[in-house]
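What follows are several structures.
Both complexes shown next keep subunit A, but they swap its partner, so subunit B is in the first and subunit C is in the second.
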Partner chain A sequence: MAVRRQPSRADIRKQRMLAAINFPLDWLEERSGLVGAVRYFLFRKVPADTNWMQTLGSATLTAFIVQAVTGVILAMYYKPTPNDAYKSIQYITDELTLGWLVRGMHKWGASVFIILMFLHMGRVFLFGAYKYPRELNWIVGVLLLVMGMLEGFTGYLLPWDQTAYWASVVGINLNGTAPIAGPWLAQFLRGGQEITGDTLTRFYSLHMLIVPGGIAALIGLHLYLVIRLGVTSPPWSKEAAGMERADEPQHLRPGLTRPVPRGGGGSS
Partner chain B sequence: MSEQEPLPEPHLPPPTLWPIGFAVGIAVLLVGLIINPLWIATIGGAIALVFGLLWARDATADLRGRAIHVEPERAELRPAGTAEIGPPVTPHPEPGERFPRSKFLEGVTLGLGGVIGGIVTVPIAGFAVLPGFLHQKRHQVDLGPVGDFTEGQWYIATFMLDPSEGDVSRRTAFVRNNGSVQAKGGQVPSFTIISNRCAHLGCPVQANGPTGAILGMKDVIEKTKNGKVTLSPTLPAGFGCPCHGGQYDTEGNRTAGPPVRALDRYDFSIKNGHVLLLSTYSVAKVEGTGAQAKIHKYKLVGPGEHVDGIEQVFYPLNPPHH
Partner chain C sequence: MAAVKPRPVDERRAEFARYKKDVKERGKPFHPYAMFHDTVMSLVVVSVITGLAVIWKWTSWGPHHDGLHQGLLGPEYTDPADPGTTSFVPRPDWYFYFLFYLLRIFKWPNSVFLGTVGVPTIALILLIALPLYDVRRERRLSRRPVAVVGAVLTVLSMAVLTWKGATASEALASEVIADVPTWIKQEKLPQNAVPGAKLFAVAGCTACHTYLGTGSSNLGAPDLTAIGTRNLGIDFQIRHLKDPASVVPGSPMPKFASLGEKRLHDLALFLEASKGKR
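Moving on, here comes the complex of A and B:
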């Protein structure tokens, strides 16, 4: 019954503004489907009783991104040669504007990354989130942990001071004591029979290109599996694992609100 | 806008020539900046501006609600004419023997891809791995004249294994002149030269005892092809490692801690009156002392590797190491 009122000038302006914002988004969506993909990724259903502990994975990812960004910037100033490495790090720390901060972020962020990985792993273990059907994601996570530690090992040599040198001597020789393959692994890591400038550049390449590339790829797989399999309910949840919010109107998603319990019985 | 309005049909923008004019304008502008900034560049800028505006006007027609002419993506379908059907050029294969062409192509694609991948990957992987194993340098270190080494006195000798590598190749050895001994070829000099690389994990082993000035002796410094060689007199009761506490006696035998064997030693020779360090070798244990020592000698292996006893089965093959 309402009288259709003439749209005011403000309404028209608002409409135009929305059209201007939506136009590029629609353009992108029509050609790539990316907008829908991002919405699918960000606006997933999660169990109603997810816990703060379940943010540890995202925290670890954030720590990795911080490492990647600070590392890329540090690479602009760092020189991986035996005569310049230590000097360039001193230059970054003492001379360059904000160098102390970015190097500090990278140095301390490295420990934060490792600690968060372990906390995240502990949460997954204690919540039983590694069980069917998420075993593969646990395995991918273990690979990520190993590669994260490899980042720590290779990054430790780069300051090229006494601590870095002798820690790498001991670390490489530890690898060398492994049965059968150990001596070969140690020589591969050194790039020869002694630690030389070749070892430094080799560790630099591993640290900033090879291992981070592997980590990024594995993170992609890790996230894909999280999205595909959904977030686990905490162990104290009264709902079945991965169930949607209880207040979701049933008629909207009838197939998902009452999942068929596996093996005859639901979790309780 | 009512709810019944159908979704906008996907469409292609009509072809337009404005971008070409825009590109020409930019090109003229850039050329003009080099040859005649005042006139040609201005003309180019004007062309680019005009065509750019026309292009933008065209591109935003939809946004501004202007109806745009949509070219059909395909021409109308017309019925195809009837073709003369003759006999097939190649006879049809028997039903059971039909060669699976798609399978063949699949195999060829995968096979070729594999071959190309291999051709690219194998040399790269070889380059990443092999240089660390092949053509490893043998060192030969000149420690200076024999006369610098007082008989019976221990010296901490520091030198560069490879001066071209710089300080990272600086090494330390414990050297003692044992005097000359009777051998088949007459009197030959005897030296005990022990590497300071710990047989546990490779940390630098130190002399347990007073060194240098406290003994009332001066360091001997020689310039040789191995950089600055320093000989520091010392009076060790043994050698000890700061990292994990490995202890050795003055012959390099392990006395305590985690090391798995005795300290490595250097071969040596005397040439033109100079002491030359040659290859390093590993030692299981040493019986006796000085010139009379019986050394259980093995090929050089890494720290932490057993050279004798049952544990040696863990290290059947070692990379070349000198």
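Moving on, here comes the complex of A and C:
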């Protein structure tokens, strides 16, 4: 009979250390299941042939996070009134320490965000990744694209300079040409008959509360569906997950109903 | 016994079941494999954004310590917003150029509705509903000819519209004013229409309207070379300039009430005197 070695004091100390380190995680896991969820997210399997084009989605998310962080910082210094808006933009750009960097990243991050959304959409189209069962996620993605462009439209007015002002005058008037809802929409965006301080605060509220809140919520749904339904293999891959394989006996594929050629006997 | 023809819904369910089995058996964990690629790509994105911000700052403000300086990526800001101003360029951010240019193709008033609402709405509905009408299981491009042709045409037309929108030139007031003597000669404008003609040249009208070939045709705005032949009347012209949408419902033209009664009257005289090339 093998003698079981008594655990040394060093072993016991190590065990206690581990338990102490794990305690907060265990505490959280027992009460929320969040640790398991994160572990599932990190260690879930993706197809082995996943490639670089499939990083465009997370790159878009990164651009959104850049917009959120720089936007929060800008909101600390920006003043949405006709008298102060332009001055506060000048202050942020010319005087505030690194203010130019934050504003520049926000302005150019917007373009990068839009470009990445289009590239990501192109990738999904190329891969046919919008097909069953991922239809809903394509629709959520297109809504995100529309809301992203709405962010661009509402953010453009905020510096309250000539470019911003006249682009918005014409943009709102164009909305007004739509039938039925058009005039109402233009009136709502302006907050009256003219573009005034009311328009500015309205655009500011849309730009930093309603639309980004909606985008964040839709991104959550988008990611949930990605994790639930999985990542698509490139369609040209020889090892694509889910492809029909000729070398496998048909009966091992329950539900696969490609008919066996008549008279030929076996599979090709 | 004849084989039962499989229903498409069963086929795609079977394919997804196969997909899940394959990923479980032969897939790799998201972390660290895909995570590594995602992290590298995200760092690239943040670097590009930072780089653009730096180039913007140091080519605009850098040389002259002036945020209005036109650097490589444009000025940091333009002059403060002034609702009373008359020389402006109604130009959106670049990702709206395709819509902006669409409005040069569709003219006010007959087909502007197509440019602002019709075409974009149909395109958006087709885009949103894509997975609902493209229901085949096939994912390989070589077996999706209709999808490929549709995508290529869409990308090409968006690229062309964006490019045309980006390179569309706006008429500068200083250039337009030089054409006024030609207008007076060709249209045989009476003396009392001359102040209005000069005002028309500098007040931003030609940012959207054309007149004897001068100006930019933007946002579906009509050519005004022979607007006087419609005999709309001085009163109508003034009311229209003050608040275009009140007499032409849905007009995207901005209000010009800030010009004041005297100048609006001059403009109206000029427009009514414009009877085309004579």
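By our rule, the second predicted complex is superposed on the first by the 218 of 268 C-alpha atoms of A that agree within 3 Å, B and C clash if a C-alpha of one lies under 4 Å from a C-alpha of the other, contacts with A are read in each partner's own complex, and residues count from 1 in each chain.
What we mean here is this: contacts are C-beta pairs under 8 Å (C-beta built on N, C-alpha and C of every residue); 3 or more make two chains touch, one makes a residue touch a chain.
As the structure is a prediction and not an experimental result, all values here were calculated from the model.
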Problem set entry | Joint occupancy of subunit A by subunit B and subunit C, clash or fit | clash
Exercise. Which holds for A:50: it touches subunit B only (first), subunit C only (second), both, or neither?
Worked result: second
For this session: Name the contact category of A:82: first (subunit B only), second (subunit C only), both, or neither.
Result: both
Problem set entry | subunit B versus subunit C as contact partner of A:170, first or second or both or neither | both
Exercise. So, does A:220 touch the first partner subunit B, the second partner subunit C, both, or neither?
Worked result: neither
Problem set entry | subunit B versus subunit C as contact partner of A:191, first or second or both or neither | first
Exercise. Touching A:7, do we find subunit B (first), subunit C (second), both, or neither?
Worked result: neither
Exercise. Between subunit B (first) and subunit C (second), which does A:42 come into contact with in this model arrangement: first, second, both, or neither?
Worked result: second
Exercise. A:33 contacts which: subunit B (first), subunit C (second), both, neither?
Worked result: neither
Problem set entry | Comparison of subunit B and subunit C by subunit A residues contacted | C
Exercise. If you lay the two complexes on top of each other, which residues of subunit A touch subunit B in one and subunit C in the other?
Worked result: 82, 165-166, 169-170, 173-174, 176-177, 179, 182-183, 194-195
Problem set entry | Touching residues on subunit B, where the partner in the complex is subunit A | 10, 63, 129, 131-133, 136, 161-162, 165-169, 201-204, 243, 301-305, 314-322
Seminar exercise, completed: Touching subunit A in the complex, subunit C uses residues 3-6, 10-20, 22-24, 26-31, 33-35, 37-38, 40-42, 44-46, 48-50, 52-54, 56-57, 61, 67, 73, 76-83, 85, 88-96, 99, 103, 112-113, 116-117, 124, 127-128, 130-132, 134-141, 144, 147, 151, 155, 219, 245, 249-255
Exercise. Touching subunit C in the complex: which residues of subunit A?
Worked result: 41-48, 50, 52, 54-56, 58-59, 62-63, 66, 82, 86, 89-90, 93-94, 100-101, 103-105, 107-112, 114, 116, 122, 125-135, 138-139, 142-143, 146, 149, 152-153, 156, 159-167, 169-171, 173-174, 176-179, 182-183, 194-195, 230-233, 235-236, 239, 241-244, 253-260
Exercise. How about subunit A: which of its residues touch subunit B in the complex?
Worked result: 19-20, 23, 30, 82-83, 165-166, 169-170, 172-174, 176-177, 179-180, 182-184, 186-188, 190-198
